[in-house]
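Everything below concerns the one structure shown next.
For reference, chains read A, B and C in written order, and residue numbers begin at 1 within each chain.
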Amino acid sequence: MMYETSRNGVAGRPGHAREHLTYLLMLAPALLLLGVFVFVPVVLVIAGSFYEFSLTSEDGRFVGLGNYLRIAGDEIFWIALRNNIIIVVGSVVLQVGMGTVLAAILDRGIGVGRTLLRTIIFAPMVISSVAVGLVWTIILDPNVGPMNAAVTGLGLTPPRLGWLGDPTVSIWVILGIATWQYTGFLMVLILAGLQSVPKELYQAAALDGATGLRAFWHITLPSIRNVLVVAVLITTVGGFKIFDLVFVTTGGGPANATQVLGTYIYLQAFNIGDLGHAHAMSVVLLMIAVVLGWLQLRVSRTA
Amino acid sequence: MSGLDITDLSKHYGSFHAVKSISLGVLPGEFVVMVGPSGCGKSTLLRMIAGLETVDGGMIRVGDMDVTHAEPSKRGVAMVFQNYALYPHMTVDGNMGFGLRMAGASREVIAAAVSRAAGILRIADHLPKLPKGLSGGQKQRVAIGRAITRAPKIFLFDEPLSNLDAELRTRMRVELGRLHQDLGATMIYVTHDQVEAMTMADRIVVLRDGEIEQMGPPLDLYNRPANRFVAGFLGAPRMNIVAARIVAAEDRVVTVEAACLGRIPLELDVTEGRALLPGEPVTLGLRPEAFRGGDLPLRLIVQLVESLGRETLVHGHPIGVGTALGDPEGNGGDGAEDALVIQLPDQQRPRMGDAFEARTDRRALYLFDADGRTRRFARVG
Amino acid sequence: MMNNALRPAVLAALLAFAHPAVADDQVQIKFWTLNDAGMAEVYAEAIKAFETTNPGIHIVHEEFPADSYKTAIQVALNGSEPPDAFFNWVGEDSARLVRSGLVADITAYGTEETGFQSVLSPAWIDSLTYNGRIYGVPTEAVSKYFYYNRSFFAEHGLEVPATFGELTQLCRDIRAIDPTIVPLPLGNSERWKLNHYITMLNERIVGAEAAADDYSLKASEDQLFTDPGFVEAWRKVLELQKAGCFQDAPNATAPELTRAMFSSGASPMIYCGSWCAAIFDADGFTDYAMFQMPPVEGGKGAAGTNFVLVQGFQVPVASKHPEEAVRWLSFLVSPEISRLMAERMGRIPANPAQLGQSTALTEQFKWMAQDVSAVTAQINVLDVLLENSVSEAYLNAGVEVLNGTMTPEAAMESIRAAALKAKERM
């Protein structure tokens, strides 16, 4: 009510129109950039998803929802989507989970070498995914890579077809690499959240009988809830957007076993040249992103 | 209802000796206030009692139980923190019931305890709120309520009111006093506030550098401070300290000479301690409120006048003492001060820079030897 | 030189208003290539030499990165400012432009004594001939050979295999010498390695001509990729695998690693492109020789065929100076420039006439250049030749067959399914 009145007050003031104009002028450059680099491409992609066309054909053929129907029947699209979901769920569980545990250990458990440890765990984050992918293909190489040697040394048998060549393990290996790369980032994010929890809360909790895991559950987790929500969202969006790591390590192989939406859209667009199909899949990915963005807004409002 | 017994308790932080072999007995139902300068170890001692700090040596007993190394929650103590330390994600209800919930109490038991505490503290209306929706005073009430629900044997308060404004602090002080009476619980209370210490305490403990300087009922400490530190610490404005020298000594009577007061014969109350021979430097103590007329005139140059309405505080430099106006510390060599404070019981307006004469009585003089020990107390009444 | 070149241009510009016809005095040829390292300098030398003898023609060289090249060409050919001659891969890439009528028929040009039609062999010219008309000038090629370690073969009395059966036996023999040696490492992590095998195995078993209609999707729906030879070709891959030729996880092994295994002497054989020779030389390993994919017993392959991937230049229909453009392209395949390309860039040129005289080239390189020029029918690699989605199916089938997740029959079924879909879309 108060808000409404004061708004009306502003609206009733003379010079209100001029103020609006000023706001508009100040926003204009940003709106223009947004329009050119976000809005226009989005419209083009949506429009393109209703046509069948290729990189070389001059104009496409209107097929209505045909491309979307093809997606529904495209087995590899569903593999890619499943893989994205594996990456998303796995990343949330592993990266956010381990990030939280590591952050808690650094926050409360370890006194010495904390900065060094934090730097080491964070380090992979500053390396580009492409470089990370290349390094791991060497580590995981079935012929000369140290991973096979290590696993054999432990008396176990590494996969005969190679970590990245075995269709049943490769997506999990990629999940592992992504976890190695991003857990440090989440740890630092969550650590920042943990360090903003007042020490007295833990002391009060200790007096109330909550220490160790119980304090973690009843005090720590609820206190960093917002940070965790952000972490989960970042990880989820990242999991749907994943491209370069897969592209460099397996290229979506062996035989589409690690295809994700990003690489599959790329494959359809640039290798196969079926742009309509690629556009339609991009629109699906966009919808997923929009839903996630909406969720983020909702969650951050209620929190 | 249990008391608390602390024997030879000590604590190091690295090489820093924060608590030095402290022994203290608190009777069941007693209200003990701990005071002392910042960093003297009050919080540390309190937190050791609560189990939030490990103990390097000594023993803590609550009632008949040795709790030196017990879990915080197993000691039967509750603590109220200066910044409330309410769980921000729990409602008032949840905050207050948390301890019992952790102890595995049933829903009904928790609800009963919470509503009883909420009734005592008059916060029943706020039970469904989150802490961020409460005022400072309400938050502190909830923090106290949280302590009450657990029905502890001993309450520990670490400067619980210092985040509140003066008015609210006064109200809460009264309420805490009432609470103490209602519950009859043993309470240990840390504060910087003279009024809180004087009004609430059954007994005040003065700490300094990790050691107990003196403890006793508030008026005892005020009237008969064991040393110059305690004398200076209790009472606001602080006791005036004036440098003096022994000029004659015979048996229990010494004659001292101070620049601003002249020669005064004084009877000693404490004979043990270093010998007070002629030539020995000593200090004299005079409370600001001791200038209500008498046989000793004291002239000073007015430096600052604080008119408080009901009373007037005159700060000035005594005439006859080497001028040290530029000395920012306001301290003479021997812990004596160059500037004196005189509290007048009415409204007066001496002008700054003018000479001002106040009168005091030799009966109001304290005498401290060079070790700082009190050798003569002011005569009260 | 600069002055000489500029003066007519300035003059032409000045006179343009009065006499528009005179403006054609100086011809500018816009020439597009990939930005391969070191190539710009070689082209600059060639341009300098060409412009000295052709003062009326000015070559403007522009370079593009490979990954955006196809798009750039596409846009330029449809736009208003196309180049006059541009690099292209011979195969589906060149054929598509011919089909869509974007590149010029240059059959009428380059027939003079120094013209490309006079200096190149018919097999080479055929590579850019469609329906009897010539649509470009091939300049160089890459091919594919089994490289083998000469000392290792000599030491163990091993012979170059004359048949595919002997090749598999060779693998068994090498495993018998030392079971830890990988006789013929296969780095298929990028999928094209096995595709090169299957390209040649299809030729050796089905025959290039018999397969042509399948590859171009012209075969009828009930015929498409049904030749049992295609299945047989996949079986041969499995034979190599069973004979112990490959290491355990070819799909997870990078091609670079297998090359290092060969050049370090750890493995005695490798199936590698003609470009690998320069890599082994750079690694300091020169004790190698090569042989072609041997014929398969009972196969229908023709003699004299080999894997040859041709690259060359095409002229857009929109170019205003096709004749001058072809004159420049003919110069690029002249004996001198061809030799320069071989010596400086390790390219196998379309015109090997002067290579024999070179002292800068290794004997292996000369052998390869000779072998490529002797090829009577060039076999194009499947992932370039096939329609994209069919190519994709072939690449994936290779991975699955090696992994044992698909039988040869299932592989061909998946490829046929992709081909049928692609044909339906055409």
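One rule holds in what follows: contacts are C-beta pairs under 8 Å (C-beta built on N, C-alpha and C of every residue); 3 or more make two chains touch, one makes a residue touch a chain.
These numbers were taken from a predicted model, which means no experiment stands behind them.
Colleague: So how do the chains connect up here, line, ring, star, complete, or something else (other)?
Modeller: line
Colleague: Which chain, with its centre taken as the mean C-alpha position, is closest to the global C-alpha centre?
Modeller: The most central chain here turns out to be A.
Colleague: For this structure, which two chains have more C-beta pairs in contact than any other pair?
Modeller: Top-ranked chain pair by contacting C-beta pairs: A-C.
Colleague: Once you find the CA centre of chain B and the CA centre of chain C, what distance in Å lies between them?
Modeller: 94
Colleague: Using mean CA coordinates as chain centres, what's the gap between chain A and chain B in Å?
Modeller: 57
Colleague: Would you kindly tell me how far, in whole Å, the mean C-alpha position of chain C lies from that of chain A?
Modeller: 40
Colleague: I need the residues of chain B touching at least two other chains; which ones are they?
Modeller: none
Colleague: Name, in rising order, each residue of chain C that touches chain A in their complex.
Modeller: Residues in contact with chain A: 70-71, 74, 78, 96, 100, 185, 189-191, 247-254, 257, 261, 388-389, 392, 396-397, 399-400, 403, 405-406.
Colleague: Can you tell me which positions in chain B touch chain A when the two form their complex?
Modeller: 47, 50-52, 71-73, 77-79, 81, 83, 85-90, 98-99, 102-103, 146, 150
Colleague: Could you pull out which chain A residues touch chain B in their complex?
Modeller: 198, 200-201, 203-211, 214, 218-219, 222-223, 225
Colleague: Quick check: in the complex, which residue numbers of chain A touch chain C?
Modeller: Contact set of chain A toward chain C: 55-56, 58, 137, 140-144, 159-167, 250-251, 253-256, 267, 271-274.
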